[in-house]
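Structure first, commentary second.
Note that the chains take the letters A, B, C and D in the order they are written out, and that residue 1 is the start of every chain.
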Amino acid sequence: MNFASDNWAGASERVVAALAAAGDGAMPAYGGDPLTARVERLFAEAFEHETHVFFVATGTAANALALAQAGRAGGVVFCHAGAHIAVDEAGAPEFLAGCRLHPIEGAAGKITPDALRAAIARYPAAAIHHGQPMAVSISQLTEAGTAYAPDEIRALAEIAHGAGLPLHMDGSRFANALAGSTASAAELTWCAGVDMLSFGGTKNGCFAAEAVVFFDSARAAGFAFQRKRAGHLFSKSRFVSAQFAAYLEDGHWLALAAHANAMAARLAAGVAASRGARLALAPDGNELFIHLTRDADSRLRAGGAVYHGWPAETLGLAKPDDGVIVRAVTNFRTRAGEVDRFVALIDG
Amino acid sequence: MNFASDNWAGASERVVAALAAAGDGAMPAYGGDPLTARVERLFAEAFEHETHVFFVATGTAANALALAQAGRAGGVVFCHAGAHIAVDEAGAPEFLAGCRLHPIEGAAGKITPDALRAAIARYPAAAIHHGQPMAVSISQLTEAGTAYAPDEIRALAEIAHGAGLPLHMDGSRFANALAGSTASAAELTWCAGVDMLSFGGTKNGCFAAEAVVFFDSARAAGFAFQRKRAGHLFSKSRFVSAQFAAYLEDGHWLALAAHANAMAARLAAGVAASRGARLALAPDGNELFIHLTRDADSRLRAGGAVYHGWPAETLGLAKPDDGVIVRAVTNFRTRAGEVDRFVALIDG
Amino acid sequence: MNFASDNWAGASERVVAALAAAGDGAMPAYGGDPLTARVERLFAEAFEHETHVFFVATGTAANALALAQAGRAGGVVFCHAGAHIAVDEAGAPEFLAGCRLHPIEGAAGKITPDALRAAIARYPAAAIHHGQPMAVSISQLTEAGTAYAPDEIRALAEIAHGAGLPLHMDGSRFANALAGSTASAAELTWCAGVDMLSFGGTKNGCFAAEAVVFFDSARAAGFAFQRKRAGHLFSKSRFVSAQFAAYLEDGHWLALAAHANAMAARLAAGVAASRGARLALAPDGNELFIHLTRDADSRLRAGGAVYHGWPAETLGLAKPDDGVIVRAVTNFRTRAGEVDRFVALIDG
Amino acid sequence: MNFASDNWAGASERVVAALAAAGDGAMPAYGGDPLTARVERLFAEAFEHETHVFFVATGTAANALALAQAGRAGGVVFCHAGAHIAVDEAGAPEFLAGCRLHPIEGAAGKITPDALRAAIARYPAAAIHHGQPMAVSISQLTEAGTAYAPDEIRALAEIAHGAGLPLHMDGSRFANALAGSTASAAELTWCAGVDMLSFGGTKNGCFAAEAVVFFDSARAAGFAFQRKRAGHLFSKSRFVSAQFAAYLEDGHWLALAAHANAMAARLAAGVAASRGARLALAPDGNELFIHLTRDADSRLRAGGAVYHGWPAETLGLAKPDDGVIVRAVTNFRTRAGEVDRFVALIDG
């Protein structure tokens, strides 16, 4: 009954097996190996487009270094007020990309076109003192467990591009967003105007497999130096390649995410049908925010359920008088039995 | 017959097995897991001292972030002119630690006490324009494949400490230095005055296992934020812990390094006994610099040997008229047969 | 009738005369001159305390470099949401001090103790992801034209110090705050817990005279390098010294500020007595925020008055339906006649 | 008899008078004033070309921020080993421009085309580890008091441009180089391929007047933010404009530099004719490096002459056994009598 986070899970069996197989033999370092070449092909296939893929150590690094590609003096990045880059990266974007963040409030973890337009308008070119717009960043899934529809992404991309700004997507849970959508990977990214993607595999069945993905070569120019200078060029690059190869082949990543999402849906249904709990937000992937009565919370904790309490205000919700807001995250390995036990404990 | 680099090798069987075992089960993220706690104990045992261990993605990150702990405005880091931080890290130390490097020439990849003293003396406290000393960094093994003896380290540490500077050791091949020495890990580090160590496991049998090690808590204060801000805090930290646990347990790391060193010694002996090759520098670990006649070079290449040509000047040697300088690196998996075939090809 | 900004004014006659006198003769560069030594004594006298004074080019540089002295990885600076460092410095604090800003809302441009306490509490030491507190910064005058009383400063300082954070004061209009207060320079700064002060002379009668002032030597350690590395060490330092010497001697600075404040009070009285205008905020120095009817605004503009419209929300005010919010700033040279003409135009 | 440095001198009478005149009246801040517009025209006239002029506080800031315009991750700037940016700016280029410096040795303070070509060749595009070329920087006058001829500049510019790199010129003593040359300002800069110029007025008769000059608008794009973010946008910009207006009008700057150079030539002639001194390098402007016997040195010091001893190695000279190397700098105000007294003291 562990719903603490999808990064508490280990790695999928296929990923583990691929890593084991990669332990053997001599291979060029720094990405010059055939396994990395294969992964690059798998990315191009998954996105049905030219891709330029760069492995980095963490999602935080992926976000900050992707933004650094848009770096400019006095640069301002527009993002949701609860975005991971704004709240959970200890200043990595500011440090690695030399930018400032302009947080934008918005319901359900999303930025609206109007809010984005208004935020950008606060930085007219002549007003040197305020800085200059540099990029727009959205998260998919958002930090509120919701997903942008392709049209929503396109609307933000048009505003960004209209202002000369690239659109970055923090896709640490991109697989879950994709598995929960009828759209393709292409439709959720470059077709909708996404210029750079932080593509996360870690939360969905890898040990440590994160990449920055660009969809055209101009945008990727010089990124190899960006990454190296930040200490993110792995020497035995194969250890990421092996994970990604297993992850992307035969739709394994989508199967893993679909499972996690299905478990989340099962949990959501149980919550909705319960007396002691209700969904605080409608989930689009594997991350649920649940309002629990204090009794239900106590029973769950006592029964061994693991999950985090969550500050309501970061979700744009009022702090409840009559209970607590908690986060429950399912993962590629969550079992139906765990979900059912959780649900059973809600109402005792 | 691949002697290109020790980072072309994969991972040892024990490391692979440990990773596979770590694929299962739920574990707190970000280093709060029992496996990480075990690794911390293994480090303390290996160094017979209090250690504060922080995993990072690469040796470059380890070096730059360790130096960042000594960061100060206008700071200058003293290192050998051929040091990895000076030549092969694309400005990571300058970027992540906010410093400048002062390269010091020296034979066999080493800094001498006199040269260090003279270099530091060029930055008197009153001369604001030149900047201020910040740290001294040495490599063990050096980039020339040599090792500092404990007394040599202590002599440099005394000068550094006398000037109020910490001593950093880039130990990407620390295991090979240790395996090649009669001294203990303690004697090569904190006993000799080393304040911070970049401890590399990647080149010696891991996939990606690098750590910054401090020997007292004051020196480590705030480093968790230093690492996080640079995007080097792994979420599924267990994937590094598992590697290091297998690596450090039962002296596995020393066995791996001893094997690589033994293969290097076998190669060195073969070279010394040959007509078409001679050692350009006396090796202390698993890295050899060899002077080859052009004939020998052609025969080796044609025979399938893989190794890199090396610019003589970076080793403090004159460019040879009568041949080439090449680097041959053995690793934990190099086989005696490979070495012998290489040696056999030298003289045809 | 120019009330656009106090940085539209030139320099006082005494300052001009002092500069002219400093044109002659040979003097050591970089602050080693007798004029600089005299200025240092004048600062110590003005603040009745040991001071460590460093000239820099601008108020932005003073703020960012003062904060840089408290620099730490992942560092967070707490300031008012409308602070100059948050809104008008194009990312200089983030860039030069390597920090992030945590903006705090508050009426009349001020931070309350409760709001500060709550903001700091969001960065517990164990939560690496959020970053770590680094400093608190307040402005005196604030960006809303108000001033903190000594007790208000002390209350914030106690919270800051209790959390191990230094308190920085952006004093670009410190002279106006001081002239408007019954407290002494000491009582408004180090007595109340201020650790570092950006002391501005430019807006109050100098051409370009800004300094970072520390009240103890430990806090100032290494700042000379901080300044040099940012390109803020003037070679002919005398040109700042000459300005500050004239500015600080015989209370000239207080006379200049008292005049500006008196003109602001005269304007405030005229506004209060008018029909077409009212004060949006009660002013404490030389900066007024005025609510004008549209008619009054038109008449003033047509009559040649110069001033800036101001976004109500940055002052914590609602956007008015029935007029506009404007800012009017007096300066050391504002004439009573200008003020009276402005007042006369309000009601036509 | 003060030959310590040209930054020990004050300001010329015309500059002082212009500043005094600028003390009066209201003028838009931040460079929106008519005086700044006039200065921009004067620059365009002086260089017979479109110019984009940005005032900054110091020569160090001008150099570092000009280079920052060429900023790229892992960027390497090629400069002479004795360049001001390499030796005397406490890491400002690394810090503000995010680069590393690659120092190039060369006689008489100059880089040769061959040496530049060889240095750039050490950074092939594929070798991520070494970083990537970013800019070439030369000084005019050099730190050895010499000047590049237009052909010499053009040869370096062609190599730089051929490698896709802009050519920066540190012109802190540009006026002296120009006054000592038969070429025009245009011929020494953009005609010869200079892309960005640090233009110094401070050493030659201003108090503090430094500017970054670009010769086309694309190169200058975004520089206003670069400057602001580093805290180098003066609010009362007129105080720099006034200095530059007086400095550039009627060839005042060239008259000042010509005087300084004439005094240097007079000193050089005296040195050449003496027994106790000889020129260590042939001077091209107002900066002399002189070999003095110990006797001559003692006599000069005792007689009240002020000048700095200089480390021979930074000039590419051997440390003399039979005396000392000293630097003597003349300035816009040096009197012939001072020079003659100095010369007279050499041989007693």
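The definition used in the following text is that contacts are C-beta pairs under 8 Å (C-beta built on N, C-alpha and C of every residue); 3 or more make two chains touch, one makes a residue touch a chain.
These numbers come from a predicted model, not from an experiment.
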Both-way neighbours, i.e. chains that touch chain B and touch chain A: C, D
Farthest-lying chain, centroid of Cα atoms versus that of chain A: D
Gap in Å, rounded to a whole number, between the CA centres of chain C and chain A: 41
Centre-to-centre distance between chain D and chain C (centres being mean Cα positions), rounded to whole Å: 34
Between chain A and chain D, centroid-to-centroid distance (C-alpha), Å: 50
Per-residue multi-chain contacts in chain B, two or more chains: 30, 73-75, 89-91, 95, 98, 128-129, 131-132, 225, 228-229, 233
In the complex, chain C residues that touch chain B: 30, 68, 72-75, 98, 128-129, 131-132, 222-226, 228-229, 233
Chain D residues touching chain C - in the complex, by the definition given at the top: 2, 4-5, 7-13, 15-17, 19-20, 22-29, 56-62, 64-65, 89-92, 95-96, 202-203, 207-208, 225, 228-236, 238-239, 306
Chain A residues within the chain C interface of the complex: 73-76, 87-91, 94-95, 98-101, 128-132
